[in-house]
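To keep things clear, I will list the structure first and then write my remarks on it.
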Amino acid sequence: MSDNDPAKWNLALNNARNLQEDVGAANVDIEIVAYGPGIGMLKLESPVGARIADAMKANIKVMACENTMRGQKLGKDDMLNGISYVPAGVTEIMKKQGEGWAYLRP
Amino acid sequence: MSDNDPAKWNLALNNARNLQEDVGAANVDIEIVAYGPGIGMLKLESPVGARIADAMKANIKVMACENTMRGQKLGKDDMLNGISYVPAGVTEIMKKQGEGWAYLRP
Amino acid sequence: MSDNDPAKWNLALNNARNLQEDVGAANVDIEIVAYGPGIGMLKLESPVGARIADAMKANIKVMACENTMRGQKLGKDDMLNGISYVPAGVTEIMKKQGEGWAYLRP
């Protein structure tokens, strides 16, 4: 997620939920990686904060890019509780594809 | 296709045509999957309806997401003739990547 | 890169630099492919021209789609010095994924 657009954030969350419903939550691993202008999805004041909490309860991993956070002077105190962190969102996305994960960019 | 933007719809159709011209239509399988706000690409009143018909004649598969249609209260009568349907666009995109297809998100 | 949006162009360039910093420039090959409305990223008057030059110095390959150039009546004289060209951007992106490259669409 690299867009600063709550409609996109909701779409990504819909995608994740639909995928779990369609194939069964036990049969798919899902990660949402927020970076660049998309980092707002995971800030404390995010309009989709409640949905992020629900997604994490449903075993969807939600990750913030620490490169982006540094660039925007954000600390973990500025971010939603319970999310995960990766040093660079772009590396995470590349690595997962290398491990055979599909990439979806809504 | 998850954008509600006719310029993007034309770009996706250009991509498909260019790919067929570049490598030979017999040498590549192409699917366009419309979901979320992109579903308008495949509605009866779509401004790219004629191009969709041409694409299907050129053996490009065009698929609408039934999850999205349910959410937007759309039936098959509301959609362009001759298109295909998948239960969940996101699953289709994930599965195809698992089978070795490339993913292009214009 | 298929968006006509300098903010996206900068984001793509940030992604490339962050990836090199995170995994080491010697350990990753990066290509930026500009096509469709994204071709402006590589025109002579591009607002990110200096960053493109820096990226190429850092061994990031930067490629313009000749299909798009033909459609927009652009010649190589209209484009930034030192960039590379591919007959069709879409084919390049598909081929690289077939060779195991990850795809990132910021």
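First chain written, first letter: the chains are A, B and C, and each begins at residue 1.
Here, a residue touches a chain if its C-beta (ideal position, glycine included) is under 8 Å from a C-beta of that chain, and two chains touch if they have at least 3 such contacts.
From a predicted model like this one, the values you see are computed outputs, not experimental measurements.
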| item | value |
| --- | --- |
| Copy-to-copy rotation for chain A and chain C - C-alpha atoms, rounded to a multiple of 5° | 120 |
| Interface residue identity across copies chain A, chain B - same or different by half | different |
| Distance from the mean Cα position of chain B to that of chain A, given in whole angstrom | 25 |
| Contacts with two or more other chains, residues of chain A listed in rising order | 103, 105 |
| Chain B-touching residues of chain C, taken from the complex the two chains share | 2, 36-37, 67, 87-88, 90-91, 93-94, 97-98, 103, 105 |
| Chain C-facing residues of chain B, complex | 7, 11, 14-15, 18-19, 21-23, 28, 100, 102-106 |
